[in-house]
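Structures are listed in the sections that come next.
The same chain A turns up in both complexes below, where it pairs with chain B and then with chain C.
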Partner chain A sequence: MHSREREELFININPLQTAGRTRAAVRKAVTRYVDGYSVCDACTGILHDIEKPPIKSLTRELAEFLNVDEARTTAGAREAKFMVMHSECRPGDILVLDGNAHYSTHVAASRAGLETVEVPAGPPPFFKITADAYAQTLAEVKARTGKPAALALLTHVDGDYGNLTNAAAIAAVCREAEVPLLLNTAYTTGRMPVDVRALGADFVACSGHKSWGACGPIGVVGAIGEHAAHLFRLDQRFPKKNIELLGCTARGSNIMSLMEALPLVKQRIKRWEEELENARWFAARMEHIGKGGIKLLGDNPTNHDLMRFATPLFHEIGQRQRKKGYFLHKELTDRGITGLKPGQTQWFKMSTYGLSRSQVEYLAQAFEEIAAL
Partner chain B sequence: MHSREREELFININPLQTAGRTRAAVRKAVTRYVDGYSVCDACTGILHDIEKPPIKSLTRELAEFLNVDEARTTAGAREAKFMVMHSECRPGDILVLDGNAHYSTHVAASRAGLETVEVPAGPPPFFKITADAYAQTLAEVKARTGKPAALALLTHVDGDYGNLTNAAAIAAVCREAEVPLLLNTAYTTGRMPVDVRALGADFVACSGHKSWGACGPIGVVGAIGEHAAHLFRLDQRFPKKNIELLGCTARGSNIMSLMEALPLVKQRIKRWEEELENARWFAARMEHIGKGGIKLLGDNPTNHDLMRFATPLFHEIGQRQRKKGYFLHKELTDRGITGLKPGQTQWFKMSTYGLSRSQVEYLAQAFEEIAAL
Partner chain C sequence: MDTATKERNTRRVDCTFRVLDAMEDIRDVWRDTAPLQDLDEAQRDKVLKKIGAARKALDLLEGLL
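Moving on to the complex of A and B:
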């Protein structure tokens, strides 16, 4: 079954997918601009200045939406992160990053030739990233090398536990240490309100296909003040072209899909409290169903729709089932629920993003039935 | 009017568009996989190893099709070029490139911090890039710096004149000079047969949205031998992840569109001689119509569907027309022909790619009528 058909027929709880589902207007835009360089027809050399289709307005709107001075689309959040690292640092420089950072953050740092120093996450079951830990790591780097780290990166909400970090406090610590901060919002912007300037970060990376309901791959990179001027510096010989963007990035239907996705995103972030209530209700219900055999990891109560559960109960049930570890995936599929990795029973990640309360109740009921097997 | 509607209703002669038009199967694949991370559902950590949808087969097929040892999708040809430059060179290294290279090649070199040394194109009206000129420039670089250039790049067919270079001869010269060669085939692979190994290049960059009829942005990068091993090296901490690809690149519907585009591409390159005959017939006809006032620039007879004409005749006619320089665009639009930049009359670039002979005859007739105004 193809993805679009599955999205129509199933409740998908894969955290990679829940906030990436497209609406009809987005799919229509993709089809309209599907051919080659179609958005470039009216380009006079600067993609983000194209007035028809209104990419120029989109570019301004993105900066306003994130509250940064300048924003541009990229091929994804990882490309946005690499762009900032490559622009701000030199090979051998130190990047301080949180212990819950995504693998693509580490790979981007490898590509930029950076030494990474991790701010350790706190102990289980919370795995918390704190401002105190950032302060300590930044101080250790300075003590060791005699100068501040070149860059700090914070995963605003991480993809392992859905932990919401205190970005404002961590940004203040970075500012105090004179280290610019890149906020990776792959799991926040597009889902919940994020004001980059108010938080105090210098750069932001976003994922259009993960959290904005756009057709990927597409991301957004934003920057504030002199950081923006440097990140978006122009080529000497081709002075219309951004060096770090290689001239222009998300050309084609992907940028048109983001344009169509943005109005919905602006609306849906206002309902974030409802999303949180759904997630918290669900997590509490799961822990109740599990009677100790299902445990929410990370922030508890959760501060995000992405939740990781330790589920020794399902592992135990799997031992008695004919399909063993695959029983959970099968039982969920039989109930019209998809998105859990087959074979996984000891723990899993899931998301309730975009589901109605009655769908969340249906989900809880499904898990309750399965827990009784 | 949106691009797709224009593609249905007009003859589009914009060289950026003619070989980027999607077929229905491609558009269907885009819609099916339009949601977020849909192709990643069955991923176990390596995008190009996904078996369902068959991205693993696609990856193998791409390498076979280009005749390289390894190939991967990228966010576009410019990203492929930057990837090779970033992987092969260090900031300050010298890149030798042809005088007809695309701006994105220069911007990629700027981003990689490279010094560029140009192999000059020959004099007008042919602007020819020769193996002798490469040999001389490579020798000059070695004489000045005491060592071979770090990398050479050849624009296989350039976007200004549509000149087909003698890649085999230039590759032999580069090999002799011990300089690895990156072949930028944005205007060749997907349109005409290209055998990278037989030509003797070490790397290849391709544009899916420019020349393969795929939904962009998407490109392909390929490499041979030890160059492939280095370009596609893995991260130490995340040993499933390619460093230069940032883990994975063209995730989403773009890679699915390339998968659907490839079978057509394999067929259509067999008809390259017909495409060439159409282009040559058209160019000869234009020069005949112009009576000296229309002149084909670059290779003559042309070796590509992208053609640049100097058109003093149309400029002269424009002086007498109410719409001045905009008359040519208007007259073509009135005849159902699109893709020429409004206001341009002294010269223009166009392409006959994918047009039937009767459409090319219609085009010639339209220009003949306009030349008689």
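Moving on to the complex of A and C:
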């Protein structure tokens, strides 16, 4: 029997996992719907029309929550991104994407046969993605090919630096260039308030297991206006089945976990300022502890709970320790903290999402003790 | 199946889920207080209440065998 007690016994700071941590209500639903195809007892032909359990109303609620015209569940954000690329573009078309985009965005583009053109990130230590850089790249693509790019993608908050982009400004640039915009919100929707229509994006991709406290694999794809009609077009032979969804997507405990997570998400996004305050307090404390040997990269002050630190101080301490580069992981584990990659000391990514202030203080205290070794 | 059997089976399954649910609620307390699990009074009360609920469901379940 495999077991995992990481969330109960440790403070987990792995940024991939902190906002996917489930609450009891979610796990109770998972227990009840853990059997394969368990949501399909009262199916009338398509997943998003099932009324018992209330998947039909969940689908409507997701669209309202994101403020898009239509939304559907997917197996994750990457599947959502691929769907949009496959639906909007033809092989050989150009996708303009930010230089901080996740690898799965690139892989999805490859699968859809697209040429990718990157909007470069700004110089270190901030690695900023700007609307001006988008405007320039979109103009260069048009000048080279004689037509606008088929699609633009923006990583709302990236997984390397936790930089929050100015999505509204970038959406305005895309609109001006007549290029539809897909907003990858894997690190934002579910954690913080996001209004897709107000931002001006045409599509949105979300990750339930990364940012909505759902067990997954589960994501959401949303679209606005005529883009929605095309993205969710139906098959001719099987007229209830959406082509891009391959009919039905999440059909078990994953969609039930999202259903139970959504009311919790609606509450927790109201506490985003508190989350931000915790992250900023922690980052400032780390830089203070490091005395120049710990530096926050990306937005500073941070605008997200995911933070990347350059930590030459810990690298230097590691040289004097028996465990060398593995000392940091060991020292943290000894203090009941997990989530850093073993052997990593020169830099690391982490997240304070969902931790209480006392847990964040405990975390800072642990790093302070280790910095004094 | 007769009504009495149906009712008994439903109660057995209901008790089983009540125990599982109580354990999930307790699991949230461990998550909220990791890694030290120094419980404040409210958290301690919650754990005790959930243990009581689980115990009651287990006793009931035992009686239904």
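Things worth noting here:
Here is the rule we use: the second predicted complex is superposed on the first by the 369 of 373 C-alpha atoms of A that agree within 3 Å, B and C clash if a C-alpha of one lies under 4 Å from a C-alpha of the other, contacts with A are read in each partner's own complex, and residues count from 1 in each chain.
Keep this in mind: contacts are C-beta pairs under 8 Å (C-beta built on N, C-alpha and C of every residue); 3 or more make two chains touch, one makes a residue touch a chain.
Source: prediction; values computed, not measured.
Once chain A of one complex is fitted onto chain A of the other, the partner contacts of A:111 are limited to chain B, with no touch recorded for chain C.
In the superposition on chain A, contact of A:241 is made with chain B only, not with chain C.
Applying the stated contact rule after C-alpha superposition, one finds that A:145 touches neither chain B nor chain C. Of the two partner chains placed by the overlay, only chain C lies in contact with A:356; chain B stays clear of it.
Looking at the shared chain after the overlay, A:7 reaches both chain B and chain C. In the superposed model, A:300 makes contact with neither chain B nor chain C.
For chain A, the partner touching the most residues, choosing from chain B and chain C, is B.
In the superposed pair of complexes, A:166 makes contact with neither chain B nor chain C. Of the two partner chains placed around the shared chain by superposition, chain C is the only one that A:24 touches, whereas chain B remains out of contact. Contacts of A:252 after superposition on the shared chain: chain B is touched, whereas chain C is not. Annotation: chain A residues 7, 21, 27, 31-32 touch chain B in one complex and chain C in the other. Those residues of chain B that touch chain A in the complex are listed here as 2-5, 7, 14, 16-17, 19-22, 26-27, 30-41, 75-76, 78-79, 82, 86, 103-104, 106-108, 110-111, 209-210, 213, 215-217, 235-238, 241-244, 246-247, 249-254, 257. Against chain C, the residues of chain A that register as touching in their complex are 7-11, 21, 23-24, 27-28, 31-32, 335-337, 356, 359, 362. Within the complex formed with chain A, the chain C residues making contact are 17, 20-21, 24-25, 27-28, 30-32, 34-36.
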